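Should a chain be cited, it is by its letter among A, B, C, D, E, F, G, H, I and J, assigned in written order, with residues numbered from 1 in that chain.
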Amino acid sequence: MLFKVEMTVNPPSHLSEEEFNAIKLKEKNYAEELQREGIWVHLWRVAGLYANVSIFEVRDNQHLHDVLMALPLYPYMNVSVTPLCQHPSSIK
Amino acid sequence: MLFKVEMTVNPPSHLSEEEFNAIKLKEKNYAEELQREGIWVHLWRVAGLYANVSIFEVRDNQHLHDVLMALPLYPYMNVSVTPLCQHPSSIK
Amino acid sequence: MLFKVEMTVNPPSHLSEEEFNAIKLKEKNYAEELQREGIWVHLWRVAGLYANVSIFEVRDNQHLHDVLMALPLYPYMNVSVTPLCQHPSSIK
Amino acid sequence: MLFKVEMTVNPPSHLSEEEFNAIKLKEKNYAEELQREGIWVHLWRVAGLYANVSIFEVRDNQHLHDVLMALPLYPYMNVSVTPLCQHPSSIK
Amino acid sequence: MLFKVEMTVNPPSHLSEEEFNAIKLKEKNYAEELQREGIWVHLWRVAGLYANVSIFEVRDNQHLHDVLMALPLYPYMNVSVTPLCQHPSSIK
Amino acid sequence: MLFKVEMTVNPPSHLSEEEFNAIKLKEKNYAEELQREGIWVHLWRVAGLYANVSIFEVRDNQHLHDVLMALPLYPYMNVSVTPLCQHPSSIK
Amino acid sequence: MLFKVEMTVNPPSHLSEEEFNAIKLKEKNYAEELQREGIWVHLWRVAGLYANVSIFEVRDNQHLHDVLMALPLYPYMNVSVTPLCQHPSSIK
Amino acid sequence: MLFKVEMTVNPPSHLSEEEFNAIKLKEKNYAEELQREGIWVHLWRVAGLYANVSIFEVRDNQHLHDVLMALPLYPYMNVSVTPLCQHPSSIK
Amino acid sequence: MLFKVEMTVNPPSHLSEEEFNAIKLKEKNYAEELQREGIWVHLWRVAGLYANVSIFEVRDNQHLHDVLMALPLYPYMNVSVTPLCQHPSSIK
Amino acid sequence: MLFKVEMTVNPPSHLSEEEFNAIKLKEKNYAEELQREGIWVHLWRVAGLYANVSIFEVRDNQHLHDVLMALPLYPYMNVSVTPLCQHPSSIK
């Protein structure tokens, strides 16, 4: 089941650059792992913004919730979720 | 070059159902052709809405504009365009 | 899988009262059928508005989409969809 | 009398994780008590967000106000309130 | 139980002035009746706008809904509803 | 001359609970005094929110401004002002 | 007593150009009369828009309401009203 | 050349009351000077808000920018700018 | 003096395609004339939208207003105006 | 390929004036370099605001992203990006 998730990162001013870089590294590792598992199926950067457009393939709403809540950057992001389904004109 | 395009259809009240169905059929044919050409690379329905989330791969902004303006449903849609690029955590 | 769906009805000015009443009767029958099937699990009126707050239990996003698109009043409504899941403090 | 209440939690940056966890534990206990009393009749998590959709059954507006103001997390939440009533197509 | 209700009238262009005046007369009569019954307890015009700010005293949400839906001008208004209760600094 | 004033309180995080309580006590005293003087003619709590809906009767815009600016909580509130007048359907 | 009033004109599509010109002429005459009476004290065009920024000096809210409701273009305008008073740094 | 400028002051929490009063005094002096020079031609307080509505008469956009940027309170204000011109119904 | 002007065209449903094409041809001629006169200094299409981003160089606000109001498409456009000036980091 | 980029600067309160001036100097140098390279083709100040309207000419979305992310002021700005293309009425 597919969801579009849009995330915008708001870097916290109360963390040092080192602390924030450590969180970003964890995020990168977690994102790569989810991609290899086929859960985070697309991940694009929005040009000019510290934001991404993502497509997740998950078992259900709960699965999506658990995956997103585990994002190391979650506390520093605005997140919006849009459930997707098959489009009648899609040839896939 | 990738763009996210979101389209919401507002069916016109001044067209008959037949006229509007004829336009939707042209749209479907055009959408399938663009998918086969590798230009409309993803096309998802937003669950519960007469709307889609799409990813286009085009040569440049002009190419995107020409492709979108030729959509038979274009006069009956709200369209938003977001330029995308490579995300540093993407493994593709 | 649960979704909150909020619907606001915008009665069309180009339909006669009879025509619109016929659509509302079909809507009522369809809504009752979906409730008996356990798909439309809650249906509340928003006090003072021609709107409702609803909870649907469906198999997946596609199922939700198909159920909503079949609503006879769908062309005359604004619809918003929110995916729900288990709350850690819920005792159900 | 039913109300939909939507709550979004904004974790405060000036509290330690321990302090905030203590508040969240009080919230959980209070939420469970209100559920057992039949006041907080539904409590769902919004998938992907630190937010909930809730249905409260209370005696009147004042009762709702007193119940919400006593939420330990209240100072860290955005809250919206929508009065509900019987829907003519509901079979309950 | 008190509610603030704000109403903005959008005069319909498809009605003749006579037809609309007939509806406004019914509205005036109904409003005066509800005021005499102690249900529509305050009714103020917003200066410069075709809008009002009103306070209703009703038995419950359902009562409010039934009263508002019966307004002859309801189909031509935007309505917003806010539940009120006792303020701790009020001396009434 | 009547005005609707809506106030939402944003408790400041840089004040101690004691300091803020002292300000709230001054506010309560001032609000009660204005009510006894017939200036703050209605004061309702919005159910579920740290907010109020108020009606002020003042000599003119300047009087309203002076009264509101003297509110001890003013620095911690969002305030909106709406000028009111006689409604043609009001029986008062 | 001063008010800022902003008006944006939405020319109606269901009137002929002649009919609308007749209304605009009445509006012009009425506006000039109110200016000569010292009620409509300033009237500026917003550059590039079919809109104005105006300052009215009136006896009270009711007077403002009566003056604005009598504008021949009122049914074709969006209007916003802001009560003004003396600024402590004004030298007038 | 005329511009409407609206300014809302957001008093900074990181300045002492003395420091902020010193800035406000400079602002008052500067505002009075600009008024005497015929640049800040109108200055009204918005009733109930820490905000003003102003009319500036300047040589050009650059002049407006330089005048506004020199406001001592500028760093603590939200500012909006609207270019004005002659209204065809103005008798001035 | 420079202004950014953004225009979005809303094709009117009550005009025939021929009538609207005639207006668009007049618009094109007028736009080209203003460009040759050095008034409409930049004119870009927004990719994917029936909209443009434009830069006008005019004598003053009044000149801008007169130029825009003479656009044949003006009645069918949403227009926003932003006054510009020299940027301190610009090397032009 | 052209993009309109709008930037609004929010000066950070946690930096000293010296530190922020150092960042602004780097920004100025970088902006001048990008202008000399023909990448930042237009740079205008919005009159009255700490904001700019810019036109960038870049190879593709990725190029735009890399150029913007390298702005020394980027962490202190709100940025919006609009892809542009040739307008059919442009004579350039």
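To be clear about the criterion, a contact is a pair of C-beta atoms (placed from the backbone, for glycine too) under 8 Å apart; a residue touches a chain by one contact, two chains touch by 3 or more.
Chain labels with UniProt names: A, B, C, D, E, F, G, H, I, J = Muconolactone Delta-isomerase.
Not measured: the values here are computed from a predicted model.
Of all chains in the assembly, those touching subunit E (Muconolactone Delta-isomerase) and also subunit I (Muconolactone Delta-isomerase) are G. Averaged C-alpha coordinates put the centre of subunit H (Muconolactone Delta-isomerase) at 27 Å from the centre of subunit J (Muconolactone Delta-isomerase). Centre-to-centre, using mean CA coordinates, subunit C (Muconolactone Delta-isomerase) is 50 Å away from subunit H (Muconolactone Delta-isomerase). Per-chain Cα centroids separate subunit B (Muconolactone Delta-isomerase) from subunit G (Muconolactone Delta-isomerase) by 44 Å.
Touching of two or more other chains is recorded for residues 2-3, 45, 47-48, 61-62, 64-65, 81, 83-86 of subunit G (Muconolactone Delta-isomerase). If you draw each protein chain as a dot and join the dots that touch, the picture is not a line, a loop, a star, or fully joined; it has some other shape.
If you check each pair of chains against the touch rule, the ones that pass are A-B, A-C, A-D, A-J, B-C, B-I, B-J, C-D, C-E, D-E, D-F, E-F, E-G, F-G, F-H, G-H, G-I, H-I, H-J, I-J. The residues of subunit E (Muconolactone Delta-isomerase) lying in touch with subunit F (Muconolactone Delta-isomerase) in their complex are 2, 4, 27-28, 31-32, 35-36, 42-48, 52-53, 55, 82-92. The touching residues of subunit G (Muconolactone Delta-isomerase), counted against subunit I (Muconolactone Delta-isomerase) in their complex, run 11, 13, 45, 47-49. Chain contact summary for the complex, subunit B (Muconolactone Delta-isomerase) toward subunit I (Muconolactone Delta-isomerase): residues 3, 5, 12, 14, 61-62, 64-65, 68-69, 75, 79, 81.
Contact residues of subunit G (Muconolactone Delta-isomerase) toward subunit F (Muconolactone Delta-isomerase) in the complex are 1-3, 60-62, 64-65, 81, 83-86.
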